[in-house]
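Several structures are given next for inspection.
What follows is a pair of complexes built around chain A, which joins chain B in one and chain C in the other.
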Partner chain A sequence: MHEKGLFMWSKCAKPGALALVGMLSGAVVEGPLVAVAAEAAMPANATPALKRLTADQFRNAIEDIFGPTIRIGGRLDSDVRKDGLLAVGSSTISVTATGLERYDTISHAIATQVVDEKNRETLFGCKPVNVTAPDEHCAREFLSQVGRLLYRRSLTKEELDTRVQLAGEAAQTLSNFYSGVAMSLAGMLSSPNMLFRQLETEPDPAKSGKYRLTGYSKASQLSFFLWNSAPDPALLSAAGKGELHTDKGLKQQLGRMLNSPRLEQGVRAFFVDMLQFDAFDTLSKDATLYPKFTAKVPAAAQEQTLRTIVDLLLTQEGDYRDLFTTPVTYLNRSLGALYGVPIVSDLPNGAPDVLQRHVYADGDARAGILMHASFLALHSHPGRSSPTLRGKAVREVFLCQKVPDPPGNVDFTVVQDVSNPLYNTARERLGAHATEPMCKGCHKIVDPIGLAMENFDAAAGYRTSEKNQRIDASGELDGVKYRDAVGLNKAVHDNPAATACAANRLISYATGAPVPRNSEAAKSILEAFSKNAFQWRPLLSAIVTSQLLFQAPVQPQAQQAQAADTSTRKDISGESK
Partner chain B sequence: MSIANGGTRRQVLRGMLNGAAIAIGTPMLDCFLNSNGTAFASGEPLPVCFTSWFYGLSMSPGRWEPKTVGANYEFGPELAQLEAYKSKINVYSGMKAFLDGTPPTPHASGSQGVLQATVTVGPSPDPSLDQIIADTIGTRSRFRSLEVCSAGTTESLSRRSASVSNPSENSPLALYARIFGAEFQDPNAADFKPDARVMVKKSVLSAVSEERARLVRQLGAADKARVDEYFTSLRQLEHRLALQLEKPAPLAACSVPGKIQEATVGPVIEDVKVNHKLFADLLAHAFACGQTQVANVNFNGALSPVRQAGSVMTFHVYTHEDPVDHELGYQVNAAWFSKQSIDAYLEFLKSLDGIREGDGTLLDRSIVFASTDGGFAKTHSLENIPILTAGSGGGRLKTGIHYAAKGDPVSRVGLTMQQVLGVPTDNWGTKSNNTSRTITEVVA
Partner chain C sequence: MRAMKGFSLRSWSAVGVLSVALTVLLSQAAAAETRSYVVSWFHLATYSQEGDCKAINPLPEDQIRINLRMVGKTDPEIDELLKTYNGGASGNEMTNLLVNRGRINGQPVNVYSNPTSQPDPKMNTLIGKHVIGFDLDGKVAKGHSFEDPFTHEKGVDNQLAVAFGCWVGMRGTPPSRPSWGQYVWENLQENMPAWLMTLSGEDLSKDGPITVTFDRALEHASRDVNGNILVDTAFRLDPDQRSHNEFKGTIKNGSLTVEPGRFHMLADFFLITKYDFTNTHIRLDIKPTGLEGYLGGYLEWLPFYWNFANPGYTIEGMTGVDIPGLFYNLQKLADANPDPKTGFNSSISATFRLEAVPAFIVQSGAQAKN
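Right after this comes the complex of A and B.
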């Protein structure tokens, strides 16, 4: 050991090498730069200026820019839910060290595929003079085009020069033009200009002293809202020409975007977020108790709901409220087995288990998206249903009403004994628990909703009894009484909070911030939604044309003044912190 | 060198890339170990390692506390399995987290009190204990910290700020690839050749630093801080690449673990224990090979979803609904799960203790700080939160002591850990969770 050490000593103590290493490590070893500044208290209606792309947005952008053949393996940094949406959480998160490590790995993998022999023909408009050497002209052409799509704006001359220079140096070192470009491209893919989208402002020529979003920022707002992806070249080009600042130009792009096949991707993304499907990542059902809840069910269950939504809202141009009552849905054989609905496929044996349109008969216990496994199973325990979790989810997800967490020091003694012969059903167990005064308040607004779904077990299978006792599925929602889940569906359908919730969530999804109380703009959007028979495209349109989407973030100087002004109120403005 | 000088840095690198022969070395002092493997040849001891080991849902009040106080204490029934390690373990009892009027968030407020010395609704802006310590002891290793969760999820209690929660790796295979994959440099390898691709990658990252100025010019303070968090992450990545260009200092106890088999990742307790042990061994090897000095282990999740195969009840549901047995005086099923947590902690200690370094073991130069989310899960109580530490951190901590307090802030333990590990601070926390009272009884 000692001898080896001495050998190493002589090898690594060359003065020249030490100097070099000194420079190297001096450049990188620093303490953390971040001392998180006291968060500037933002006014409640402020538009967040900086959002981190969600994992899906990153994937969609890559696929839209480079085509679906590019594989994006690996897990990206996780998203955070705030005020009911990941889209709002994206205005608060950054990139962790582990996350950046992943983006870096994925970026190099993507860049390597983009320049490989299969893809370079289609993705490069030029060829290098010599493959084994740098080619500034071709690198510049490629990187400027791709850079514009990735950064969602034109690159500055300086930015492009740096990228081209890096590609050249790397090509020299690696003796390959394409490897050089791939290195430079990978840097752009994990750059903050790619991973964050920033709302940039400029003085508004129409209103002296005011600021407006730049055309490119408007393009990103539109595109991530409607398509959940980066702007396409046509939208960027309209932005570059200033067309998004005119009513005519904006309407033209809006019309094009609403009728693009990409709209479906955007609508799906909103509902994946609103319905909290990210929770499926950690959903687990006990295989012994629910053998039909196979490994394929979670994906199929989400797809069932999304197909039902897209069909009703986009294809049929139907009424949003009918999502709660529609007998039309899409099932495959796995879901059919779970629900007890025979799904016959005339596809050859071994063909993929695709979803087919299915219409429930009148009076069937299952109708509407609340009776999908994507709701019933997601809001249950691994081994049993939970009227409380389901009722809470209806309130929070579909009616936008926050149910408080249980208080500290709760005594669960009353419900603790699940083997007590006096309490066979969930209704009886919860009934006993909800006599506790401190628990009563919340359970009263939650349980009558969830108990109406007790005919469905934790894996969404139908049942009429629990421990041989007939299930009583009656209940009440905000004064409307019903006998079973079908009645609950109708009560949610007719509840004005349901449509207000959808509109507000969508506004919040678009802007990345909660909708301020008493917002006039939100009120007119809701009116427009109602006037247009609660159709989805008109709602999207109303949000875009309301200008809420294009509201300029507060300027930093103004923000600082505001922060100083509101610092004494910091504790009560918790929501906006 | 600051970010503003990124251009200069890149020029340095460019110079390197264009230079034909590149000689790389490490500073002399780190180059070799002394003959018994307990220190570098300079006499500088091997670095201290810190693990924040978390388990959800606590234990049974009255059963985990040692029966006696001070040195040579006697374990209560729920820690009895740790007997063989008692001389290396401290137990801290009687300490709590304070709400100060903040509404409690069940299964989160308690761990905030322990790990961040504050209680907030939603994520707190304050860094967690492991990150504070990593900023002092972990800046020179390849990974500033490593996070794992064996309950199947990526849940992590390690935070740099409200906007940065360090996600856990939930697959041991993925962790293996991350530490011992292609980029791993065996510190004991005979030859060393810096990789040209790594140099190019590093130069690409340096160029990204130049993008900061344009990004932040229109941003307010909070968003600027988020962008800077990105750049902090970027510098850690650059730092890692820089290390790959250096010949690492040999470490006698370092060996590369054999390739591992992927186990089932999920919440069934049998799988959780298997994965936890795989993680424990990987982290022990990572410490021994100088890859990191700080780790976070989340054994079963704060709102623990773990359960036995075929059972309808999760640990979490048991804590609330399992009756207190009239004769035994505790929740039998919940206590069974708590026992799994302490068994796992023991396994973690065994993994570290199994790596011999001279006369001692890796555990001796470590501190494994075990904490949970409350005192009594059944009622979401924040009183009497159990804390354990194992290892002396290379002689910095006295061990074999039961320290019993009476209603003190639990942040006292975290403050003491910071101080023995060299964090220059004299107090920690907010409002009633703030403390400047070191537990001097355990400071060596």
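Right after this comes the complex of A and C.
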């Protein structure tokens, strides 16, 4: 029976450790893949050995390898947030049974498109002698090239032989060379080698008894960190030649990647993760109260923030802190209507509602990303704003300060009842609620932040009053008092925790693990961030060169033995891994 | 597009207060306050009441049966033909029979193009006491003068409502809207650029003089979550002067009225090509959520008829309005501008319900088309 890309998790003998075993529906083709997610056996902040590609990473990789014409339908397994990031959660998740079926279906759909007549000329470098029969030479050439990009390393001889054999047998059965290749390719696409990033190690020649990441693993770490996608051929080539183990080679690749247009994709991915935009999937607003929050708004709101970020951090090479105060943003007509800003377009009627640059006047309360719908609406209830949710989000997302969840037996009636004539504004409702001792502590640290945003309703529309009572938007953040959202923006901008949080989040995003307390490497990175006027590219660079990104995972004995084995494994190019 | 030069206009309603510097817009320069709107509803004002028709005109299928009998078909034949009814598309036998049911010299002709090729079916018209509108001619005449149910003004002239008032799809009482009106306006909204309005005056919250303008936008209106026109959207002003209208008026107790004038707005070439009123009267309430009220005057009824005749077969199938019957109603009820050649009045009094919601208007840099 031929491989259908199926695989399964099986429990290792070692408690808490999970081994991923490549399987066929009948015959194993790739042998045991090998990796240990090792949740219980490792410290929480250890570099994880295995991370599942996020849905976006899978899509980006396919698009980068096969081009944008390949359509990737279906919904992949959802990602899990841990320690504030999906990137950290990706090291603790597997593939569900239904997810596996979806990957299998999607993989076959992709493979079918790749071998489609209209794509062959572009994607195949060779032609079979006879299209109705197997052609080992052409299959080997195609699968070796594509396999290297999909697995992010060169295939071993055994792996490639098996793939070529499968393509041949399928071609024979189906009397079609391309159908045979598609069968084999689909198996590779849903293989754990594709779906999971496995950090492989090898003995470090510079440090006796220590291990280091293989060049290919370093390439993957770099690429998914900076581009949120698989390594390109140039990076894989450098990895294969061992250049990523040298300062010169690493800096060369780092410089190339930081100046690549694909960096924007990576920066966007980080902020999508950090700002928790996955929550937009389930965001809803009361249509009666917020009729302007149309179906176009959620996507536009996210894009507004991402464009603002990319413009400031990459195009302008600006100061990260200015994200909280910048008057420059990007709006389309839908957002313009929501915000009360006149936005028109020269494009014909019916054309996409594109975002365009907009600069708020000095002192406008809408300056800064905290006043975007992507924050204000996301951290509100469907029918009312929430100073508590907003304040909590500022603390947790931008200052990395964990706010405890409310106790299970709290009575929220006073806060939720907006029709209570005794309390006209959210400030009054929260004031009444916070008299309960069990609530007081947390509300004290979040409400003064969120109340400053009360001039913005649950859909991010501007308002000056609630139930005919003028809104008092004054508040305080860590001792800094302000009158309104403009003051809050400045307070966050000037708060040292904001930059430390950004740096630490980015480190976690890069490594897939929380930053250890008192990490000297993290301190050095933060210093570099500060020394470089809180610019983003220098921060990315500092993380890469700190070697935190390339830290070898903690290895149980069993995997060390495996690592020693992979260190001597030769790939088909003859390059040592 | 030219950059907005302090020229953006917006409402002073819910989204906050924005002082508007208006320096260039048309002729109402130096107004201390300008509010801008996009028209969100414009259709024949109806005030349908029990007993205001001798009988309701036939529904679509009944009217089709009547018309097929007119061309000699028996009921069993009609039953067979109705099985082939395809909702208004052309090409089948029943369509040909209905479209060409007119007779000139015994030969079939297109009845929509030649409405008098069919005898007057004497469709029912309104006989009630009330219609919404204005006293356009200053006379309280017998036979075609009514009372406005809201202002209680006597001698109200709205013969268009009388002509249409007994077809089901044309009936409705505020706040409910006639279903045909809903269909027409929703389609117009999707297919034509938005209509814009501005109000300018010293202080629009107080009594005093006011200038009201109407223009077309370059953009179409957008919809909100509930399918209504999206509030606070921005539009560029179409510099085409054919759809520029300006009225001088007065605000009193939160309502505005204007000095009569001409109202000419291009609409959509497919459904309603244009609205062209003379002796236009306007009455609008100024609310925080927008404008609500009425616009009335005299329409040339024959051009208005062609808006119905052109898609006549579809309209008959959808609404039951007998198109030649409508022609005869309009001809009989027209009440202004007698044509010396034909002896018929060429214009008919009409009042439309008008609603508008706050919007931004920005100047377009495009050259005027005319």
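As a convention for this text, the second predicted complex is superposed on the first by the 506 of 577 C-alpha atoms of A that agree within 3 Å, B and C clash if a C-alpha of one lies under 4 Å from a C-alpha of the other, contacts with A are read in each partner's own complex, and residues count from 1 in each chain.
Assume contacts are C-beta pairs under 8 Å (C-beta built on N, C-alpha and C of every residue); 3 or more make two chains touch, one makes a residue touch a chain.
All of these numbers come straight from a predicted model, not from anything done at the bench.
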{"item": "Partner chain(s) touched by A:Ala533 [first = chain B, second = chain C, both, neither]", "value": "neither"}
{"item": "Partner chain in contact with A:Phe293 - chain B first, chain C second, else both or neither", "value": "second"}
{"item": "If touched residues of chain A are counted for chain B and for chain C, the larger one", "value": "B"}
{"item": "Chain B versus chain C as contact partner of A:Gly461, first or second or both or neither", "value": "second"}
{"item": "A:Gly383 touches, of chain B and chain C: first, second, both or neither?", "value": "first"}
{"item": "Contacts of A:Ala97 with chain B and chain C, given as first, second, both or neither", "value": "first"}
{"item": "Partner chain in contact with A:Ala337 - chain B first, chain C second, else both or neither", "value": "second"}
{"item": "Partner chain(s) touched by A:Val131 [first = chain B, second = chain C, both, neither]", "value": "neither"}
{"item": "First (chain B), second (chain C), both or neither touched by A:Val354", "value": "neither"}
{"item": "Residues of chain A that lie at the interface with chain B and also at the interface with chain C", "value": "287-288"}
{"item": "Chain B-touching residues of chain A, taken from the complex the two chains share", "value": "1-2, 4-6, 8-9, 11-14, 16-18, 20-21, 23-34, 36-40, 42, 48-50, 52, 75, 77-78, 80, 82, 92-101, 104, 108, 156, 159, 162-163, 166, 169-170, 172-174, 183-184, 186-187, 190-193, 195-196, 198, 200-201, 281-282, 284, 286-289, 381-384, 404-413, 415-418, 553-556, 559-560, 563, 574"}
{"item": "Residue ranges of chain A touching chain C (in the complex, touch as defined)", "value": "285, 287-288, 290-295, 333-334, 336-338, 340-346, 349-350, 461-464"}
{"item": "Touching residues (chain side chain B, partner chain A) in the complex", "value": "1-3, 9, 12, 14, 16-18, 22-28, 31-35, 37, 41, 99, 103-106, 109, 121-123, 125, 135, 139-140, 144, 147, 152-154, 160-167, 169, 178, 196-197, 199-201, 203-208, 210-212, 214-215, 218-240, 242, 245-247, 250, 252, 266-268, 305, 307, 309-314, 317, 320-324, 378-382"}
{"item": "Chain C residues within the chain A interface of the complex", "value": "1, 4, 8, 10, 14-16, 18, 193, 218-220, 222-226, 228, 230-236, 360, 362"}
